[in-house]
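As written, the chains take the letters A, B, C and D, and residue 1 is the first residue of each chain.
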């Protein structure tokens, strides 16, 4: 091979290597789309989410997942953005069923502004994970001390939501509402603490271990 | 990218022609090549995936999780078999079944002038395998290094995340696993395979097919491991602790299959080296004349052969837990999470010495050459290496000091672990003795050896803090541990690996790397290596666990310093890559003398390029390899010598000192 | 540099190296022990941390002359015994053909062996005297502080159960009715018995500034001891990779006075009054049952499903 | 004798020396290699045995070995007897062959039968895995059984393959069974004899593994 041919080969290899590295890097740093909290007329921030037993589309269609409402559309994401030093009001429609908890400590509500959640219109401080339906998921921000259990729908529910997501309000669901106060700006992980990864040992694989399904970040911006 | 580096020999092209005529008459389809290998891999994967789906798609846990581990694992395994079959590796075992016994000469395309394509084939020429390994290992090393840069990029900030947490753990796992599994062969692969036969005066390897197989498994393991990113990543780091590994997503299968494959490669490659060194030493190459590098390779290979089976068994068990739902690591059903830790570290600690001993070997091999002195305390050095090898099987529980397993045994493990510093210290004893009044030429290889002596000292002594239970209580699981083993492995193994490249590449390719760039490479690497890893000891002691994506804000300054230093390490590596490509491909300098460094070693007595059979005839070794200044004649002659000449050539022995 | 002829004798070289090394070492050892030592991690917030700091200090002091020996020697070699690196092969001179030196080798081996053995004895004494030195010591530790009894009802120590789960810590106080909290409170000046266990994968409990580190294994009760000496914050991290949120699996706690601790635990019992009936009976380990509940098969029969009435206990002293 | 003839003889002598050295090395390589292979296989099965004893000793959740879990005795006993008889046959006849006492055709029959027995053992064991009567994850015992026995079956099949290659070689190159002074150092004979020496040891190792795990799984309660 002539010297210029060698040089060309080396350059081509270099370009290919850079392209490969760049594409892997871009793949790795991909986050789910960020959903912004809606601001109500009273100036309160609103986040509306739902949980579904199986997403029904995408690469992991069997995964249980959260969805979040953005501009009236349900998007599959767990990246939430809110303003710092404000109250955020959450409404979560729980379409999934549940079971007794691994650690019943999470039966109780903590970290909300009044220490309670509003479950189907009733304020409650603690839920019974041994009841029919158990607890399906929790919404928890450990670094803020927030933990809100969300009872699952009854195992005898007449009209459970099938796939694919999102589920309409006509299906059986529990509605959980609560308000938390967020402080300084920062990025706070939030998670579900109910081992709900069906088919995984101890239930904590799959959706529990994949960003965008049962855990995400609360981005608090100034 | 293999490089056609060997210039055509001026004579005897015709001499080897008849051999290759028989070679050419074989039907075309029995010859493996890379294209067939790729086709085989794709076919194998497809069949395995289909079969796994057929087998298990109705199972409850697969319908629930939506992931079929059977399909993926079988796909990986059959793809590997297809890859090897496409390369022609299965031809020999199949021919054996019908009673054929092709001798190595008949089906090997090796000759002194090796065309570029020879480097892309399954070959029985240990010189070609050595070069394949060299290029492969460099490629794996730099790939894994890129993951390290990704880790450091994420750790620039304690709370703002560039990588999502799942990706971050995948990157950590890819970096750790790739380095730990591939770099076991970083010296044994290229230099061990290339130089052991030359050093012991053998004209062939004992099992050249196994040797070639050991290399060709590595690309499969590499690709399988990388594919883990696409199939969901894996969260366990390189240690793969169950039950986390059992509950993880499909990327874990990639980790387990890749590590298992690499374990197989280690077994196969080490097996060949052990048998070769034991049996193929030339007449006169007594155990006390075997070069110290060969001793290091022998002990390393022995560790591989005896420790890696436990790894293979462990990954197999973990795969069973993930596929057929055994409960070996599931405490709820009669298993135990300690079982994996035991199996893993029973392999894992010898593996650490698999990664350390080759470095010792190169350091002690090069010091006599450049100090123009005999190796000081040769027998002690050998005893030290063998001692490290044996002790390494008795220390694994120091990884479990805080685990609550066998807590009453901790003093014993503390003793065995600290005892390892005695044979390791011997390396320094020998180096100190050899450097005494040496005529030291500070060439580029020597710079790397001195750098290794500096780094490994820090790595070794920080190890004492980890072997002592009360101080381990602080350091365990933190960046202190991480800094410790980077000092031993990167500071020890990788530094000597580069030293080895600068030293031996002229013999392997007939090209010498640019020495000025080599010096720049060394100094940047040395400075920024220390600047990267020294602060990490402090970071760990101050409370930063390994493998976290969030850390305390007070540690941000140190972490940023470390990250920026790490980028400079990358820059230093770029200098090396540039030098390597420039000096071997773009701007090769004219051929250099056969014995570039003035070494007595038998490997430098071969022609340049090394002919197919290494030596025209089996050499007779007359004296040891390090007889500098003792008045001994050349180390060996090619072919037989009269008996009296062999005995009269005994070197003068000096017991120096006061 | 690169002296043409080396006129000094072996003995002179040895003396020069030895002298440099001795002086530098003595200075450095004093600096390490007296100046740097008191600042070494993990600080002095607990008896265990103090012990670990002392060990760090002693080991660092012993390591200093070893480092310095190699560095001084390498520098000496570079200064005295180097030749030009581009000397042609034909002009190379050989060094003295010394293949070994019994005395030197024997001295080296004896010194390293004695050091290693001394380190082993030192480490063992520190481990045994300090009741496991803050490390997880298994189900039935044999190096224990005064007052420890394996039986929960007989032990005189405050027992805190540390429960790891993916991906958070909770703490139970069995002597106070099994109340479970998300923060760790402990009284200062009191030996505390941490019983560390996990509900799923392997975690590891590290109270950073208290120097307490114990793996949380599923189905295993791993006991560690700690006695905080001053009031303040406790920084707790998970130190064994446990999955995606490992990096953010931390908790915090407080070391408070005994009186404050009693006030706090009473308040917790009141706050969690409603919750306690739902918690499983206190057990050393918690293994899952088909209904999702947890129990220790060795100490408790199968509990009835659903909340069991569990009277709020009176606070013991 | 002119110079070129002298040079010729010198080259021939040197070649002869190379051949002698290298065939001795090859013989040693087979010997060392087979021992090393047994050692590394022992590490693999040792890991299985370690899992057995470790899980037995911790007995987590009381689920080491619920009563009644037992693999089919028919499968276990037949696999064991195939392996032991096959190993015994091959070992005995190979020993005689190497000592120059066995009739080559006797050896061939013995090797063939041993090969068939190992093949049968592997296949029966795999078939047995489909009818163990317990779930893999139902206990520690069941898990270890499901982990170790397929591995053992693979080893049986591997042994059958090895014996088959030896047999095939002895049929194709008949003279390897009866080497004389002239062919003793030939590549063919060295590799054949070396393989037999290795296989002779290996079958005994496989039989020992079979007996050990039979005792662990079917005899020990």
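Some points to look at:
Everything below uses one rule, namely that a residue touches a chain if its C-beta (ideal position, glycine included) is under 8 Å from a C-beta of that chain, and two chains touch if they have at least 3 such contacts.
Given the structure is predicted, the values throughout are model-derived calculations rather than measurements.
Centrality by Cα centroid goes to chain B.
When chain pairs are compared by their number of contacting C-beta pairs, B-C comes first.
When chain centres are set by their Cα atoms, the one at the greatest distance from chain C is D. Note: centroid distance chain C to chain D, computed from Cα atoms, is 48 Å. With centres taken as mean Cα positions, chain D sits 30 Å from chain B.
Computed centre separation for the pair chain A/chain C is 36 angstrom, with centres defined by C-alpha atoms. Centre-to-centre spacing of chain A and chain B amounts to 43 Å, using the average Cα coordinate of each chain. Each of the following residues of chain D touches two or more other chains: 60-62. Those residues of chain C in touch with two or more other chains are numbered 200-201, 219, 243-245, 248, 287-288. For chain A, the set of residues touching two or more other chains reads 189, 202, 204, 209-211. Looking at which chains touch one another, you get A-B, A-C, B-C, B-D, C-D. Interface residues of chain B, counted against chain A in their complex, comprise 1, 60-67, 146, 150, 159-167, 170-171, 229, 232, 235, 243, 246-249, 321, 330, 550, 581, 585-587. Chain A contributes residues 3, 6-7, 10, 13, 21, 24-25, 27-31, 60-63, 186-187, 189, 197-206, 209-211, 217 to its touches with chain B in the complex.
Across the complex, chain C is touched by residues 60-62 of chain D.
Here chain C touches chain A in the complex through residues 163, 165-168, 170, 180, 182, 199-201, 243-245, 248-249, 272, 274-275, 278-280, 288, 291-294, 305-307, going by the rule given at the top.
Across the complex, chain B meets chain C through its residues 165-166, 168-169, 235-237, 239, 241, 243-244, 247-248, 331-332, 336-338, 371-380, 400-408, 410-411, 414-415, 418-419, 421-422, 425-426, 428-429, 432-433, 435-443, 446, 450, 453-454, 457-458, 461, 464-465, 467-474, 476-478, 541-543, 545-552, 593, 595-598, 627-631, 651-658.
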